[in-house]
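The letters A, B, C and D name the chains in turn, as written, and every chain counts its residues from 1.
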Amino acid sequence: MIFSNILIYFVVIPILVLGCLFATKNIKQVRTVVVIGASALMVLALYLVYSFLQQRGAGNASEMLFRYDAVWFKPLNIHFALGVDGISVVLILLSAFIVFGGVFASWRMDPLPKEFFLWFFLLSTGVFGFFISIDMFTMVMFYEVALIPMYLLIGVWGSGNKRYAAMKLTLMLMGGSAFLMLGVIGIYFHSSADPNNLTMNILTIAQNNAIPHSWQYFLFPMTFVGFGVLGAMFPFHTWSPDGHAAAPTAVSMLHAGVLMKLGGYGCFRIAIFLMPFAAQQLNWIFLILTGISVVYGALSACVQTDLKYINAYSSVSHCGMVLFALLMLTNTAVTGAVLQMLSHGLMTALFFALIGMIYGRTHTRDIRKMGGMMNIMPYLSVCFVIAGLASLGLPGLSGFVAEMNIFVGSFMHPDLFHRILTIVGTTSIVITAVYILRMVGKLLLGQVQDKHHLTLTDANWYERLSTLTLIVGIVTIGFFPSFFVEIIKNSLSFVKALVM
Amino acid sequence: MNLNYTIAVLILPFLTFVFLGLVGVKMKKKAAGIVGVCSMGVTAFIAFAAAFTYFFGTDQGQVIDGVRQQLQVFDYTWMQFTKNLVIKIGVLLDPISAMMLIVITTVSFMVHLYSLGYMDGEKGFQRYYAFLSLFTLAMLGLVVASNIFQMYIFWELVGISSYLLIGFYYTTPAAVAAAKKAFIVTRFADLGFLIGILILSYYTQTFDFITLTSNPGAVISSAGGATFLGCSAMAWAMTLIFIGGAGKSAMFPLHIWLPDAMEGPTPVSALIHAATMVVAGVYLVARLFPIYCLEQGTMTIITVIGAFTAFYAAAVACTQSDIKRVLAFSTISQIAFMMTSLGVASQMLDNGVGYMASMFHLFTHAMFKSLLFLCAGAIIHSVHSNEMTAMGGLRKYMPICNWAFLFGCLAISGIPPFSGFFSKDEILVAAYAKSPLWGIWLAVVAGMTAFYMFRLYYKIFWWNNPDYGDHKPHEAPWTMTLPLIILGLLALCAGMIPFGKYVNLARTVEYESGINWMVAGSSVLIALIGIGLATKLYLKENPKPDRMAEKTPGLWTAAYRRFYMDEFYQYITHHVIFAHVSTPIAWFDRHIIDGTMNMLARVTHSTSYSIRRFQSGNIQSYVWIYLIGALALATIVMLCVI
Amino acid sequence: MDYSQFLMMPQEIGLLIVFLLVFLFDTFMPKRLQTSLSYITCVLFAVYTAVSMICPLKGMAFAGMFESTAATFVMKQILNIGMLIVLIQSIKWANEDFTIVRRGEFYELLLVTLFGMYLMISARHFLLFVIGLESASLPLAALVAFDKKRYESHEAAAKYMFTAMFSSAIFMMGLSFVYGIAGSLYFNDIAFKVAGTPSALLIVALAFVISGVGFKLSLVPFHLWTADVYQGAPTAVTSYLSVISKGAAAYAFLIIMVQTFGAVYSQVWEWMLYALIILTITLGNLFAIRQRNLKRFLAFSSISQAGYIMLGVIAANEIGMASLMYYVLVYIFSNLAAFGVISAIENKTGRVGMDDYNGLYHTNPKLAFTMMLAMFSLGGIPPFAGFFSKFFIFMGAVKTGEVAIYILVLIALINTIISLYYYLLVVKAMFIVEGDCVVPRIKSETSERLGMTICTLGIILIGPASCIYTFLTLVVKDGSSMFCFIQ
Amino acid sequence: MKFDLTILMYIIPSVIMFCCGVYGFITRKNMIAILISLELMLNAVDINFVVFNRYLFPGQMEGMMFSLFAIAIAAGETALAIAIVINVYRVVKNVDIRELTKMKF
């Protein structure tokens, strides 16, 4: 029975929340429902981590745990197949954290709170569904389920040039998914040497390893670019600044925090994992592109004046780092990529939450018009500084462990070209410091620029809860990276056998 | 007793930091200060105990065959990259780390104590103590690091706590800018450090200091002759690591952050930017010294940069008018001394006397320079200005401070029996041993040091006697004077320690060292000349210095403006990187990349608009298109098939 | 004559019975009961649909001119479902003062066209096919002209009629060539005759045949009537035209192409279709972008949808065929949901402009929601049915394994982005654009609500309910021998 | 299939007829004239069927039958078309096909 599997509840709970939201009458009920839903997801995610570790501890070394498999579309051999490995487990945990934080960050959502949370939880359904699936069809399905609510979330509740931004974001991401879909279909038809035994199950495909090399040259770029768009890979990243700038707080959080991770996860799970040959042969192209993302995003962020733009470009840089590390195909680098996903998810979510909260008070995001926030709203400012420090890779916070894993791992590549690229990538830590400190310096420190700001208040309880959740995550990763590395480790030994 | 307890020197400051950081705001200021001071006191006690056990204890196997062992007394795997590359949080006790434990905890404790008085009544007093604890934690972690990555971690933490403390007065734009500058410049240098680590670990497959330094020959040969751009991979690695150290230790051309860092509270300058953090670079080179020994190219770079920086900073220091700036440049100069000393040292020559001298100077410098800074702090505290012009004749108002400052100046000038004499003498010996050129060069710089230090001294305590009005300068409270007295005494006698017996390159228990009277005599002579010159020019108010400045306007202004290094960097960052890299990239992104996407949309739209006439509404044209379409289909296929 | 062969066509007979009953009711019903005619028709048709479910018969009739297989049976049932929804949705319109006097004709004509479509689906001989084609399109011309008080209705009818006649002339010209080549008009006989290197005549004949059926499907460049007719015709007729007529033609097209001309697949018509699909999808989309009239907008959208449906034909395999039927089913629900909303609003306010929908969500949330689901489903957004149908039809096409088809699918996929753009424009108008909504709060009729509810349920449930697709595959597999000619 | 001369004698006129029909359809303004052109096209089709049947496949009647049906269908079409033309005329008092361009683009 499907309901005896814990994973399915990650989809069931959001759907239940959707159902309950339909029935709600007033804002109080809406809040009750979403808080219960988000907390349930959080508890479930923690329990998943616990039982995952328990199973691993008991010596269950198979690549995917909590497997469930049911035939869905028999003629095409499409299954509803669930399973998680360490990478998905930590990403699910991340998503649960950010959904939880996002609910509180949008506590005072106005107008149409009910509809907002409807879309919000539809998006969560997609995200969780994507992470628990091991069948390409359901992955693509959940992937798109997660994308489309963005349109309305930005379009209705956004600010600024929201219609343009929402349309652009949606179209670009769906454009990526167009390539992706072709890639997935192509993989399906080459998934097995026996044409009567085609499958969508990624584990089986990886095991068969039957995709002809010539086809890999075609399908790998398809899938990688498809997911890479969402991972803000260099020429396809421009949705990110506009989209994030226009999106409401919680949406930015969820989008930068979780949705962009779908890109990295997908690149890994489908492109690299299933087509190791092409991944090795073609990675130089994408390494250059992602390397450009890393440096270019950071340099662009240096001269932006809109807080959200700074952070959006910083996301381009950081997410570029994820893809960059994945393509390095070394064990440590991939670990680093996963950690970077976690770290970037948490800290960007925190950033966007804080920017939203500050914007909600000052009604401007232009750093030239603000200053001295540290005096006015010390709590938010301190959180902001923590997020900034995490972003520039301060040891003890999450960014550091991720980046170090990436750099050390990438530098272990035997090829000189990859090592030189790694060095190019490392320069980002300086540039990151430049723009983060510029932002912190202008926004938080110095004199108060606008005397109207003097009357503003510091965070209230729900804002504190939202930010604290994320900070706890950041610090936990920063202090106990080996805990996460341990969860991921088993999933990678299997990858390593395949890739390196 | 087992030395494992040494880890407490990390845990205690950490707990203090967390405690003060989280609940500090709710506490009374005084209480927070006392918590900080007590915690630091205990830390210092533990550090001292550990150091003394290490040097003098007998039961831990510290000494085997007359050689002091490197003891790994704590070891915790923090993060594992691969089977070999592991970041461990450990405590490595060996002569230099034990010595550093003493230096850091001493100075830090003094500063903690001193700050009780100095920072009294400041907003954010609790935060200040939290940051001090953080810094102490980071610095201690750095020196006891048992592997290079641990060092890097704490290296970064040191950087950030320096940032936080420089920017303590965060409403002052200058402080904010200085903090940013300090962090970014050192971060830039850290990049070199990081890449160096990457290269080093790539070839050696280890981060561990003991493994690296116990067999440096194997480290050098592990690269197997790999070269990059004409230099061997290991030379790259070691040079890059040195760049990291140069950044922290404010070597030219990465020194520009240190003078600005004086915007921070003065005790912070004393602790971080005089005694401890800035010597991290020296410590780093010393830590990897066995490997550096084998890379002669890198050693030459170190020597040249060190020697040049020493001279450069001394020259600038002669002209500055802000007392903290003078001290800052003097710090740069003195650290450059240590660096040069390391550069000229080698295993073969004189049994590494340069190495010992460098560490010795580090030790004594920490004492007298923090003394000088704390004195400066006391002066600023009572005069409320950093500028020399606002001072003069202070000896009458602040006698203790006067004496302490004089002690410091004598020590730094190398007048026996003050501590600086002994350590500087060793450095000169090492330099002469390498090449007389370096020896003479450093001796000249030593003379300049004496000159500008006494210039400073006279300008503050003698010179004229301005009218202080209602706010007569006064002696500082006991919390501030007590550290001055203690450090003054240390500055006087720290040189008497037979340092070489405890710290030397081979870590032997027996070490022959004595004063080379030839060198010592000449250096003292030069120092005295410098002091004499300063006395002549600055003892009493007179127009001679101004006239001299007017006679050499270009030189004086250039030195006063620090030879335009800041302007140069300003130009590079703002006019080259920001204006000609970042802005164009941002423009490119908005207009070319994004423009392409928008153009795709626009082209689609305009195509849509331009083809609308096919839908003309006229049935006959519909039919016409229909027919053409059908025939075209047939034609095309026919052409292809037949 | 063997009358038992009529047993092979139970659905046709059932439909005839319904037709006759409606005719009788219409003729002999007392005036005061007239309003009930629409309900009676609906009930009759529903009963017929339900009853015909139970007796799927397989076999030939009329010397093999007519064939009833599992696939045709299911296809007809799919059309029946669509027809039922159209009937339900048009109740309100049929009972308007203006139409009420003639609504008998409306229903009769509708049923006759459906009969014609049955024949198209089941025909295995071109004579029967032409009869079906004509009887499916001629009554429609009358229906298009139904709205006598609107000028657009007449213009649309004229355009439809003339282009339809032209196209049927071309089509029959093509058939005459085919006859000249093969000497027979039986699908199976032709199939054997056309094998081998195709002659020029065959290519021209095929181009003509394709253009004739492509006209019904409104493939570019044979599509030009579509927008004008959709815009001009009464909304009930438009919705019928856009889904039922298109669905039947698509299936018939597949049968003709695969069963009759399968032997020249890779030599001739694969490439013809290739070009047509690219043109259809792209131009349909490009035209749709600019439209502000929703009916015209949906016309162009349906043109591009037809291009996607054709992917199932070019696939020429079982998956393709099953996916085609599935696509039609999904398309019926999605498009009828959209038309349901449009007609509900048009009936009350007479507005069909996209700008009139600005802020619709604030006044009519349920209508806006239904419309949004329809748009998402048409755009192929999961978890709505449109996603599944699109994915499967792509899979069918890709199964051919040719690189060219991959490129075709890629083009189609890129086009989905354009299509998504204009579907989102509608959503944007309803949800995002601020300002006063010109459409007041509407209380829609029960019948309209019923229709929309069915469609909404369909959109949500058809996708995940895998049994439907599985069932269609089984049905197709039953007659898979027809793919044996494909080369 | 081989065309001998006899069959061409029938086919060529029928093709010419068809082309004339197409030409008329495209050039005439009057809807009635267009209907006549359409009749020409349909009749060309009928001729084709009959000729193919008679000369190529003389043993059967399929083409003949098709022609009969095609004639009937053409008649039905024309009747309906005329009805529509009349309707249009009632509204716009005109049978110029080029006037029917209100809906476009």
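Here are some notes:
By definition in this document, contacts are C-beta pairs under 8 Å (C-beta built on N, C-alpha and C of every residue); 3 or more make two chains touch, one makes a residue touch a chain.
What you are looking at is a predicted structure, and each value in this text was computed from that prediction instead of being measured.
Comparing chain pairs C-D and B-C, the larger number of C-beta contacts belongs to C-D. Centroids built from CA atoms put subunit D at 27 Å from subunit C. For the pair subunit B and subunit C, the distance between C-alpha centroids works out to 77 Å. Each chain gets a centre from the mean of its Cα atoms; for subunit A and subunit C, those two points are 42 Å apart.
The distance from the centre of subunit A to the centre of subunit D, each centre being the mean of the chain's C-alpha atoms, comes to 64 Å. Subunit D has residues 25, 97, 100, 102-105 in contact with two or more other chains. Residues of subunit B in contact with two or more other chains: 612, 615, 617, 619, 623, 627. Each of residues 171 in subunit A touches at least two other chains. Inter-chain contacts occur between A-B, A-C, B-C, B-D, C-D. Within the complex formed with subunit A, the subunit B residues making contact are 77-82, 85, 87, 149, 153-154, 156-157, 160, 163, 167, 170-171, 173, 176-177, 179-180, 183-184, 187-188, 190-191, 194-195, 198-199, 201-202, 577-578, 581-583, 585-586, 589, 593-594, 596-597, 601.
Put simply, subunit A touches subunit C in their complex at residues 72-76, 78, 137, 140-142, 144-145, 148, 151-152, 155-156, 162-163, 166-167, 170-171, 174-175, 178-179, 181-182, 185-186, 188-189, 218.
Contact residues of subunit A toward subunit B in the complex are 168, 171-172, 235, 237-238, 241-242, 296, 299-300, 302-304, 331-332, 372, 374-375, 389, 392-396, 400-401, 404-405, 407-409, 411-412, 419, 422-423, 426-427, 429-430, 433-434, 437-438, 441, 444-447, 481-482, 485. Subunit B makes touch with subunit C in their complex at residues 604-605, 607-609, 611-612, 614-615, 617, 619, 621-623, 625-631, 633-634, 636-638, 640-642. Those residues of subunit C that touch subunit A in the shared complex are 319, 322, 376, 381-383, 387, 391-392, 394-395, 398-399, 401, 406, 409-410, 413-414, 416-417, 420-421, 424, 427-428, 431-433, 466, 469-470, 473.
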